[in-house]
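So, here come the structures, one by one.
Consider the two complexes below, in which subunit A is the common component and subunit B and subunit C are the respective partners.
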Partner chain A sequence: MLRAAVEAGADSVYCGLRDETNARNFPGLNFDRAELIEATRWAHERGARVLVAINTFARAGQTDLWKRSVDTAVAAAADAIIAADLGVLAYAHQAHPRARLHLSVQAAANSSDAIRFYAEAYGVKRVVLPRVLSAPEIAALIKETPVEIEAFVFGGLCVMAEGRCALSSYATGRSPNLSGVCSPPEAVTFDRSPEALTTRLGGLAIDRLGPGDSAGYPTLCKGRFDAFGQTDYLFEEPVSLNAMGLLAALRTAGVRAVKVEGRQRGKAYVARVAAAFRAAIDALDRGDDTTRFERQLTDLAEGGRETAGAYRKAWR
Partner chain B sequence: MRRRRTRPYIAAREPGADHDVLASAMIAWRGPVEALLTLSLRGLARRCPAAFARLGDHQASTYLLAPADMPIAFTLAPHPQHGAIRVVRRGAAGVHIARVSAPLVDLLALFDGSLDADAAFFCRSIHVEGDVGAVMALHNALESADLRLVDLLPLPAGHDAANAILARLMRAARRRPASGWA
Partner chain C sequence: MSDMPIELSLGPLLFNWPAPLVETFYARIAETACIDRVYLGEVVCGKRAPLLADALARAAERLCTAGKTVVWSSMSLPTNPRERRAGRALAALDDLVEINDISALADRARDAPFVAGPLLNVYNEGAARELMARGCVRLCANVELPLTSIADLARACPTLELEVFAFGRLPLALSGRCYHARAHGRQRDTCQYVCDQDPDGRAVRTLDGQEFLAVNGVQTLSHGVQIVDLPPAVLRGAGIRALRLSPHSCDMVAVAAAFRRFADGDTDAAALRAAVRETRPPGALISGYLRGGAGLQAADG
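Let's look at the complex of A and B:
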C-alpha cells in the first residue's frame, strides 16, 4: 500500500511496525524492521517521506517495546515518528534529539495551549488535529500555534474522544489505544442465513442486514440497536469524511498537510484517494477550480455517504 | 511471536452440488491445475518471503476460496515451503480456517489488488465466513506482495505481455453478465 500511495502522488506515507505500538495493528498489515528499512529507502528514492506511527499508549511497566520501536524507526531513517504517549515522546526526544516528532490525533490536542506544551516539552514539529474543530476554529488556532498543522480530509471518522475510546475494549478486551486495534478481527464473525447477514463483535450482534443492504466492519460505534421500538444507529452512521471541497479553506487557514485516513485499506483505495487529492492540490496550486474532484470518491465512502464533519458544524 | 490458537471452521455440505456434471469433469482434470497453481504459489513464496511472513501463524492454515460462479472451489495452504492449492467440489465438507466466496473475476481482482476488498465487502460482492483475522492476514499479505495476474502462472518474474493479455481477458469477463452458483 505504501508503494501505491507514493506512485499515486502522496508526499508522505504513514506506516507502523508489526506490533501493538501503532493504532492499526491488524494481521499482516505492518512492517518488520527489514521491511521498514527497505520501504523507507524506496520512498526516499522517489522523493516521498515515511512517517512511522508509534501512536498507542505504552503499557506501564512494559514500555521497552515502544522504546525499541522508536529506535527502529530512527535506525530506518524514517522522516518522522508520530506519537501520542507522553512517555514515548519523552523517550524519543531524549534518546534521539534529532528525530522529527509529530503529534498523533490520538493525543487529542485541540487548543493552542496544548499544542504549545508538546512543542516546548518534546520538540514536536507537527500536530495532527482531532476531527472536532471547524475550519474557522482551525484558522484561529493556527494563528497562535508555533508548529505545523496537519488535518484529516478523507476517510473514516471516530466519534469518540480520540485516543480514549472504551467501546472496543468493552466488547473484546482489546482497544485501539493500548493494543492498536479497534474491533480486532479475531472477535468479528459474519453469520449468514438466507434472510440476513448478522455481524457480531465479541459475540454481540452489531447489525443485521437484509440481502440488499450494504455491509460494514462491525464496530460498536456504528452498530444498529433496538431502542424504544426502533432500530437505528446509536452513536454514528457509517459515513466517511470528505473535505475535498474545503481544501482551499484549509490552505488559507494555514494547514500545512492534509491527511487521508485508511492505513488499513487496500492498494486500490489508497491509489485512488491519493491520486484524487494529488490532482486537486495541484489544481489548487495552479489556481484552478477543484469542484470537479468533490464527487470522485463517493463510491469509496463508508455506507456510500460523505460528510464534511466538524469542519462545517451545520448542527450548531 | 506469541502463539495464537486459530479456530478451524468446518464448512457445511451444500445440498445438490454433488451431482453436478461440470463439477465432476473439473475434479477429474484437477491434477494439472493443482500442479500449476501450487508451483506458482511456491515460486511466489521464494520471490516474496516477506509477504508470506506477514501471515504469521496462518502460514499453517488452510483457506477455502469459493468462486460463486463455478461448481468447484480451491483450498489454499499458504505455507512458504509446503504450500499447496487443491481443487475441491464446491459442496465438499472440509476443515478450513475461513471461506471467501465471490465471483471468480472479483477473486482474481483481489489477488492483484485492483479491487478494493473493503468496498467489495461493503456492497456484498464478497462473502467471508470463519476466522476474519485469518482472512485479513491473507488479504494484507497479498497486497504487500504487489502481485499481478501473471503471478498465478509459474513463470519467471516479468512477462508484461502475458500480464497485459490476462488483464484484458479479465476486463472482458467483468463486462459479461454475472452468473451465480450459490
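Let's look at the complex of A and C:
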C-alpha cells in the first residue's frame, strides 16, 4: 500500500504500528517494528517521507505502549510523528526533542489559538485541520499561524469534529479515541429480506436499502434516522469527500499538504487517487487548468456520491 | 479525603432556553442547599450567547450571593471570530474557569486555575499532568472513560479533583454543521434559532423506532440519560470528589436532592433511580460507559 502510494507520486505516506496506538486499528493494516524500518528505508531511497500516526488517546495506566510506539517511530527514522494526545505529544517532545511532530486531525485544532498552544507547548510543526472549516476560514487561519497546515481532500468525510465524537462507542463500546476504530467491523451486521437490506451497528438499524441502492461502510453519522417527523440522513448522506475542485483555492490559501485517505483502501484505489492528485498538483504548478481532473475519481466515492463538505460554507 | 462529602455540581446548560426561563431556573438553583457549584455559560453555539448574557450575569450574582461556587465555562468548539473572542475574554479571567476547548489555553496565564471540562480529550495521567502543569485543578472526566481509567488517573494524579458526568444526556459529538438548521432546510448562518423548540434536544430514533440520540444544534447527545449510581464508597475509592448534574427541563432540584441523599449514604441506588425517574427525565437511565461497555447500556433496575 505504502509502495503503491509512493510509486503513484505521493510525497509522504501515513502509516501506523499494528496496535491501538493509531486511529486505523483495523485487521490487516499497519506495520510491526521491522516492517516500519524496512518501509521507511524503501521510501527514503525514493525521496518519499514516512509519517507515523500515533494518534489515539493513551489508556490511563497503560501509557507505556504509546511511548514505546513513539520510540519505535524515531528508531525507524520516520520523518514525523502524528499525535493528538497531550501526554503523547509531551513525551515525544521531551524524550525526542529533534523528532518532527505533526498534530493529528484527532486533536481537532480548528483555530489559530489552538494551533498556537500546540506549537508553543510541544513544538508542533504541522497541523492537520479538522473538517469543520470553510476554505475562506482556512485561508484566514493560515494568515494567523506560522505552522504548516495540511488539509483532507479525498476519502471518508467525518461529519463531526474529529476526536470530539463518541457516537461509535455509545453504540458499540469502541470509538476512535478509545480504541482507534469507528464503527468497528465486528459490530456491523446485515439483515437481508427480498425487499431490503438493513444495516445494523451494535444491533441498531441505521440504514435500509432497496435492491438498486449502493451502500457505503456503515458509520453512524451517515445513517438514516427518524427525527423531526421525517426518516432521513440526519447528519450526512452516505457521501465521501472530494475537494479536487478546491485544490487551487487551498493552495492559494497557503495549505502546505493535502491528505488523501488510503489506509483502509485497496492498492489500486490508493494508486489511482494518488496519481490523480499528483497530476492535478503538477498541473497547478505549471499554471494549467485542473478542471479535467475534477470528475476523474467520482466512481470511487462512497455510494457514488461526493461532497466538498465544510470547505463550502453552505454545507453547515 | 475519604470522609469528605461528595460534592454536587450543576453543569453548564447545554440547550437553547429562553432568557427568562434561564433566569428563573438559576434563581431556584440558588435556593437549593444541596448544589455546591454551578458552571455557567453557553458552551454549544456562539450564536446563542448574546441572547443569554444578561440573564447569566444576573444568575451568577444570585448564585454567588447564595454561597455557590460559580465557574464560567468556555465554548466547546469555537470557530468564528465572535466565538474565539469570547474564548479569549474568558481565558483572561483570573477566576476559576472551565475550559472545554484547548484553544482557551493559548491565552490563559500559565498558573491561573482552571477546570478541564468533559469535552476536552483527557484520557490518561500523561494528558492530565500536562494540564495540571498549566493550572488545572479539577477534571470532569470525558464521558467515554470507564471507572477503571478514572481510578488509574486518580491514583497517578492524587491532587487533581475528579468530577464525573453523573446525570443527563451525554454530550457525544460536536460538528461544524447545525442539525437543527439542516432538518429545517436551513444553514447554520440562517438558523433562526430553531433549536429553541427542543429544551432537552430533539429525539432521534433508529429505523426500528429505538430511541438512540438527541440533537441540539451542532451538538449530538445520547437519548438515554446517564446516571452514576455507584455506591459512594466505590466513587471515593476511584478518587471521585464531585458528581456533575447536567441541566434538563425536568425538576433539577428534585434530581439534586436525590443525588445528595445517595451520595450521603442515606439511600441506595434503586432509590436514587426511582427518585430520578419520578422527575420524568427525557430518556431511559443508562450507565454503560462507566462499566467499560457501550454508553447506551441501561442502568441496572
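In this section, the second predicted complex is superposed on the first by the 308 of 316 C-alpha atoms of A that agree within 3 Å, B and C clash if a C-alpha of one lies under 4 Å from a C-alpha of the other, contacts with A are read in each partner's own complex, and residues count from 1 in each chain.
Operating definition for what follows: contacts are C-beta pairs under 8 Å (C-beta built on N, C-alpha and C of every residue); 3 or more make two chains touch, one makes a residue touch a chain.
Because the structure is a prediction, the values reported are computed rather than measured.
Touch criterion met: A:E186 reaches subunit B, while subunit C stays clear of it.
Of the two partner chains placed by superposition, only subunit C is touched by A:A60; subunit B is not. Of the two partner chains, neither subunit B nor subunit C is touched by A:V6.
Comparing subunit B with subunit C, more residues of subunit A are touched by C. With both structures placed on the common chain, the touch criterion links A:Q230 to subunit C but leaves subunit B unconnected. Of the two partner chains, neither subunit B nor subunit C is touched by A:L241. Shared interface residues of subunit A (contacting subunit B in one complex, subunit C in the other): none.
Taken together, the subunit B residues at the contact with subunit A in this complex read 4, 50, 53-56, 58, 113-119, 121-124, 127-129, 131-141, 143-144, 146. Within the complex formed with subunit C, the residues of subunit A that make contact are 57-63, 84-91, 107-111, 113-114, 116-118, 120-121, 131-133, 137, 159-161, 163-167, 169-173, 175, 177-178, 198, 202, 204-208, 221, 224-228, 230-231, 234-236, 310, 313-316. Subunit C makes touch with subunit A in their complex at residues 76-79, 84, 87-88, 101-107, 119, 121-131, 142-145, 148-150, 152-153, 155-156, 170, 172-179, 181-184, 187-189, 202-210, 212-213, 215, 220, 222, 288-289, 292-296. Residues 1, 3-4, 18, 26-29, 32, 34-35, 184-186, 188-190, 192, 197, 211, 213-217, 265-269, 272, 299-300, 302-303 of subunit A are the ones that touch subunit B when the two sit in their complex.
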